[in-house]
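Presented sequentially are two complexes of subunit A, the first with subunit B as partner and the second with subunit C.
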Partner chain A sequence: MTGLWLIVVAAAVLAFSGLPACFFSRRSCAAQRLSAALMILGSAIGGYGVFLSLSAPQNEAVSLPWTLPWGRFSIGLDALSAVFLIPILLVPMLGAIYGLGYWRQADHPDNGRGLGLFYGLLAGAMLMVVVARDSVLLLMAWEVMAVSAFFLATTENENAAVRRAGWIYLVATHSGTLCLFALFVLLKKITGSFALSAVETGALSPTLTTILFLLTLIGFGFKAGVMPLHVWLPGAHANAPSHVSAVMSGVMLKMGIYGIVRLIALLPPLETWHGGLLLALGAGAGILGIAFAIGQSDIKRLLAYSSIENIGIIVMGIGLASLGRTLHRADFVVLGLGGALLHLWNHSLFKSLLFLNSGVVIHATHTREMNRMGGLARHMPVTSTLFLLGAVAICALPPFNGFVSEWLMYLGFFGSLQVSASGGAAWPTAALGAIALAAIGALALACFVNALSTTFLGVSRQPLAHEPHDPDLSQLGPMLLLAAGCTIVGCAPQYVMPLIQQAASQWLDADAASAASLLSYVPLRWIGGIALVLLGAAGIGFLLLRLRLRTRSVCGVGTWSCGYARPTSRMQYTSTSFGQMIVALFAWALWPQTKAPKIQAPLPSAGFFSTTVPDTLLDHFVLPFFRWTGRLLPRLRLLQQGRVQIYLLYIVVMVLLLLIWETIGNKS
Partner chain B sequence: MNSLLNAALVLVLALNLFALGTSRILTVIRTVTFQGILLGILPLLVHGHPSLPAVYASAAAILLKGFAIPFMLTRAMRDVHIKREVEPLIGFLPSMILGAVATGFALIFAGELPLADEHMTPLLVPAALSTMFIGFILLTTRAKAILQAMGYLVLENGIFIFGMMLVEAMPLIVELGILLDLFVGIFVICIIVNHVNQAFSSLDTRHLAALKE
Partner chain C sequence: MRDIFIHIALLLGMPPLLLGVINKTKALFAGRKGPPLLQPYYDLFKLTRKHVVISEVTTWVFTAAPVITLTALLIAGILVPQGPFRAPLGFTGDLILFAYLLGLGRFFTTTAALDTGSAFEGMGAAREATFACMSEPALFFALLVLAKMSGSLVLGDLLHAPLVTTGWEAEAAPLVLVAVGLFILLLAENCRIPVDDPNTHLELTMIHEVMVLDHSGPLLGLVLYGAAIKLFVLSSVFLHIVAPFQSGRAGLDWLAFVGEMLGVAVAIGVVESVMARLQMRHVNYLLIAAILFCGFGFVLLVR
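And then the complex of A and B:
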């Protein structure tokens, strides 16, 4: 059996992994373990399939007729698909193992089985999205994915906020699908079939190219959460169970990116301003996304906004690569797209790690509010170390993986200042991308220092019913594996590069692809070596500290006690106060809402102060728009009289109108 | 044969207008029953020599429209003890005039249609169109649920006449399928009539407006 068919089998096993559990008792943890075992089995089959097809010399493709009136059952596997397959096979499986301890079916009899069912379905559908080579098949898998994600995000649907977030997600994802329908119908008109095949150069007018590009960007951008289209993302991620958030953020957002990368690969080279638009969108999404993240005090909303930021970085890389394709700069393509794809892997590793971590924290503190946490590092040393690792990785600091991918992009942006050796044009404006990337990095650092310190450092801000402790191995194991992934990619990037390189060269013609090698642009061995040295130094420092502490007595003082004799837990920086300065800097975009008492008398009465940073776009533009249409459209109720006769009259009038229209149409 | 066919179709048209103009439900049922039987004979007239499929279709139609459906409808009427007046939403005379206008429109419209020559001579197409229109008029202007069923029946009769043109092209099974549909439809309406009567103590479908949202 070929690798491709193994992946189809894997998709089926994953998709139905939650089904057997539905026949067991609603409290049966054995059934949940069965689902997790099926997830592992499916992922193992898929992983073997990817391995087989990667070791084969050429790309595989199968196209079979089916009984539907449109399209064919066309699937295929190339390096680009393989890049996206690996997170799909990895993260949902780890999430399912994590869910054994985190979402024990015995504790969640009402929604445990449904969660398992849609969890598997989501993973299977994503596999099919990536291997589909026919737009009808792709859209079918896409819808299964979108709808299962809706049911996952609304797992706790007894809660009104969860339902609201779910509805917003559903509306957003279907708005995207609408654009995809238009896109694929247009493509069918141009190429003559629903097959996802390359459009010949010269077959498109510039206007048509622009329309196709914008439809791709909007249709897939809704799923990826590219900044103006991100409104569904924070709510859905924050309200889903943590392992679901990990899959949604770590993998499902990437399906939108997959769509954009795949479609641009099919289209002939875009115009320069398309690449510029992508770059600007990415930079804006990155900076504003992380600024919004700083303003959040809900740990999962913070992580969700950070996903928007990372998607922004990925889109910047795609923009650079698109420029490179237009300007015949192979180095832009390889560095930009290579950086974007590697960052996509990295993001699925460290963001999943952070989301799983946040789940452990939420379990321990029973709140998502960071302003009520604190001091967890003492009780949960492993969890807090893993969070630190994930935070360092997501801030793109060496020695972890985020650094490598952003380094590739930096090199690409710097390269835009000079004419390439093969004579490709320079496009100095793109160098602004390096500045944006640096700003994003700095803000991300601020954001995660905030998250780490208010959650894990200091002392607890609320009395906890139980002493928090590190979770058992079913939850720690997946987190440890993800952390190991972050470290390996950070320390030995040269081993993952061949696949990334192969995938990125899909945007190039064959001779340019053979000339442009990532390894020749980037001293990857050096990066890996330095990372290893840094890790070693950190390890030695840690050991020295332990040795030193063994001989000395340590007095337990609260962090940030600032010399007070009797500090209380309220004398700490909260998450909100920590981020206040940056929130104020970005107040033009964040529109923070502050409620402060007016102090008039010399001895004022008790007052309350609160500040929140809601999503500007959602709260001030999207929801008002829908409320406005909600007021306007009920006037159409006039048509709904509740009388059978009138409804029948509508039919008669419509038939008559059609008859008249047809007669006139025939005459003219 | 053609003159006989035309006479039958004129009779069908006259019955249409009569159904629009009567004020008693039972008369409407009988009118439509008679129309149904007349239509049942039609397949034998259209093609002169009776073929086996035509005989089947005509037997099934007469059995269903002449006996089974009227029986069900009169029983439903007896069961729910309703008043025997029709209660139109627009008066009898206006609805008759509307029916006449619709028939005229059907004649003009049928002249415009690009039809094969063999269908040009008889009144077949105009009669079919006008019967369908009058079915619609019955459906939209009558308040009682039973009359809605009659409208539905007349509408189907129109479609049946249209089907005459195709009696040799269309497989028998399709014809029987349509009749089965009709039977099930009327059957369901009779059940609904009973329920509407229980819920609202009347058969006036205007009460159903209370169900909107």
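And then the complex of A and C:
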């Protein structure tokens, strides 16, 4: 049995992993364990399949006819698919294990079984999206994925905010699918089949290339959450259960990126401004995404906006690679796309870690509001350390994985400075990407120092009903594995690069691909080595310091802070106060809404101050637009009389009109 | 080998002297006698022998942060060449590692500040994190200019660009702009006047000093030593642009480097003596000016 078929089997096992549980009692935790076991089994089969097909010398592909009127059952597996397969196999499985403790079926009899069903379906559909080599098959898997994600995001559908976020998601994802329909129909007209195969260079006019590119960007961009197509993302991520958020953010967004990378690989090299547009979009999404994240005080909305930022970084890498493809610079392609794909892995590691971690926090505090948290680190030492690790990694700081991928992109951006020196088309402005990345890095640092400290450090800002404690191994285990992944990629990047390299060279001609080796451009070993030195030296230094301080410290006193005698927990800096200066800097885009009391009398009465940063685009543009259409379109209800006879009449009229059109068409 | 040894010895030993020189300069301007030049060393020595007061609010992050910051700064210091000599360590892309190691230090300094749960320290951390959002792009503009001039992505070659590029005088305009920008960064990153006042702890306008209010004993010693190393490292980056000279004789060059470093310290002392601290809301403008200086340098070079 070849690796490819193993992946199809894995997709089936994953997709139906939640089904057996439906025949058990609503409160049966055994059924939930069975689902998780099936998820592990499916992922293991898929992992073995990926391993088999990667060790095979050639890319596998199978194409079978089926009974549908369009397309064929075509599937294939190459390095690019494999790069996306690995997070799909890893994160949902870890999420399912985490869910055993986090979303116990005994505690959630109303929605536990549905959650398990759609959770597996989502994972299986994503596997099929990545291996599909036929646009009809891809769209079918895409739709299953989109709809199961809708049911997952609306798990707690008794809550109005959850339902609202779910509807927004459904509208957004189908707007994207609409563009995909147009895209694939156009492609069919050009290539003559629904197969996802490379379009010949001469077959496209520049206008047509631009149209195809824009349709790809919009259609898949909705799923990836590329700003300004991100409006669905914060609400859906914040309102889903945490392990679902981890899968949506860590894996599902990447399906949009997969579509963009795959389609651009099929198209002939794009024009330079297409790459420039991707760069600009990515930079804008990165900077504004993280600025919005700083404005949030809901920990899951913060993480969701940070996903928008990370997708922006990935899109920047793709933009650089696209420029390189046009300018025939293999090094930009390999650095840009390699950096983007590695960042995609990294993001699925650390963002899943942070989302799972936030689930533990929400469980302990019964709120998502960071301004009410604080001081959890003393109760949950392991959880807080894992969050710290994830925060350092997501800020792209050494010695963890985020640094490696951003470093690759930086090298590409700095390299683009040298283009004009060697002659040919000059695009030194691409170097501005480095500035954008630097700004994103500094903002991300502010954002995650804030999230870490407000949640885990200091003292609790509200009395807690129960003393919080670290969760059991079923929840800690997945987080520990993800954290280990972050550390390994950060300290030994040279071992993960060959696959990334192979995937990135999909964008190159065969001869350019063989010449362009990522490892020859960049000294990855040095980065890994320094990361290890940093970890080792800091660790040893810390232990020595602890030894020395053991006999020489005065404990049992409060924080001095200039001798203030009676500090209360409410005097601590909150997440909102920490971000206030940055929110003010970005007020032109964030439009923060502040309600402040007017202070008039010398001894004012108790006042109430609040400030929120809602999504500017959603609240001020998209929703008003839909309200407007909602007022306009009901006039069309004139056509809907509610009588079967009238509808039958419409059908008759329509058929007659078609007949008339057909006869006219035949005559001419 | 000898140069590497001197490099590391200077990196470890010289930073507190810079603080001493700055303080002496300021004292001379104020008409005081001032503390001895070696006072920072005495202070560090004294602090290592003291007890530590650790607030019960804090976690392990509070004690680990100074160690991690110091480690990051030392590695950064190994990447930066001193004077015309090669850095002990250099590879393609180490310039980004350099910038991000400074970022790692910032992450842990601010986290440790927030670990105490005090609003004072929170304010300092918020300011540090906010101002970094402006100083980071400026630093990268400067790096872009130098990378363009040198055609290299190794920090050592990059910083030696003004030294080895023949006819670099033709590129003097971007270099002057970058030098001004980097000097602003040097003052801002090391929390000197006009951005921050290292001498007062208790005012609400402080950044760095207010973040370390609760550190004491050896922990405070580590923090102060780390801050001095940061000053040393950033000063040696700055020196490469304003004083790209080489005599060819190693001994003379090392002496010249030490002399130039002390010169930078005197310059910082003079700036601190003749200027007042900016209002907190005006610091933004100063940092944006640094972005503009380095950014225009980039524009001039790329055109």
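Note that the second predicted complex is superposed on the first by the 618 of 668 C-alpha atoms of A that agree within 3 Å, B and C clash if a C-alpha of one lies under 4 Å from a C-alpha of the other, contacts with A are read in each partner's own complex, and residues count from 1 in each chain.
Here, a residue touches a chain if its C-beta (ideal position, glycine included) is under 8 Å from a C-beta of that chain, and two chains touch if they have at least 3 such contacts.
Being a predicted model, the structure only gives us computed values, none of them experimental.
Q: Can A:88 be said to touch subunit B (first), subunit C (second), both, or neither?
A: A:88: touches no partner chain.
Q: Touch check for A:546: first (subunit B), second (subunit C), both, or neither?
A: A:546 contacts subunit C only, not subunit B.
Q: May I ask you to decide whether A:452 touches subunit B, subunit C, both, or neither, giving the answer as first, second, both or neither?
A: A:452 sits against subunit C, while subunit B stays out of touch.
Q: With both structures superposed, pick whichever of subunit B and subunit C touches the larger number of subunit A residues.
A: Of subunit B and subunit C, more residues of subunit A lie in contact with C.
Q: Should A:640 be classified as contacting the first partner (subunit B), the second (subunit C), both, or neither?
A: A:640 sits against subunit B, while subunit C stays out of touch.
Q: For subunit A, give the residues common to its interface with subunit B and its interface with subunit C.
A: none
Q: Considering only the defined contacts, which subunit A positions touch subunit C in the complex?
A: Counting only subunit A, the residues touching subunit C are 374-375, 377-378, 381, 384, 388, 391-392, 395-398, 403, 406-407, 410-411, 414-415, 417-418, 420-421, 428-429, 431, 434-435, 437-439, 441-443, 445-446, 449-450, 452-454, 456-459, 521-523, 526-527, 530, 533-534, 537-538, 541-542, 545-546, 548-549, 552-562, 564, 567, 569, 571-573, 577-582, 585.
Q: Which bits of subunit A are touching subunit B when the two form their complex?
A: 640-646, 648-649, 651-652, 659, 663, 666
Q: Applying the document's contact rule, which stretches of subunit B touch subunit A when the two form their complex?
A: Going through subunit B, the ones touching subunit A are 89, 109, 112, 114, 136, 139-143, 148, 205-206, 208-213.
Q: Spell out the part of subunit C that touches subunit A in their complex, as residue ranges.
A: 50-59, 61, 63-64, 67-68, 70-72, 74-75, 91-97, 99-101, 103-104, 106-107, 110-111, 114-123, 125-127, 129-130, 132-137, 139-141, 143-144, 147-148, 151, 153, 201-202, 213-214, 217-219, 222, 284, 298, 302
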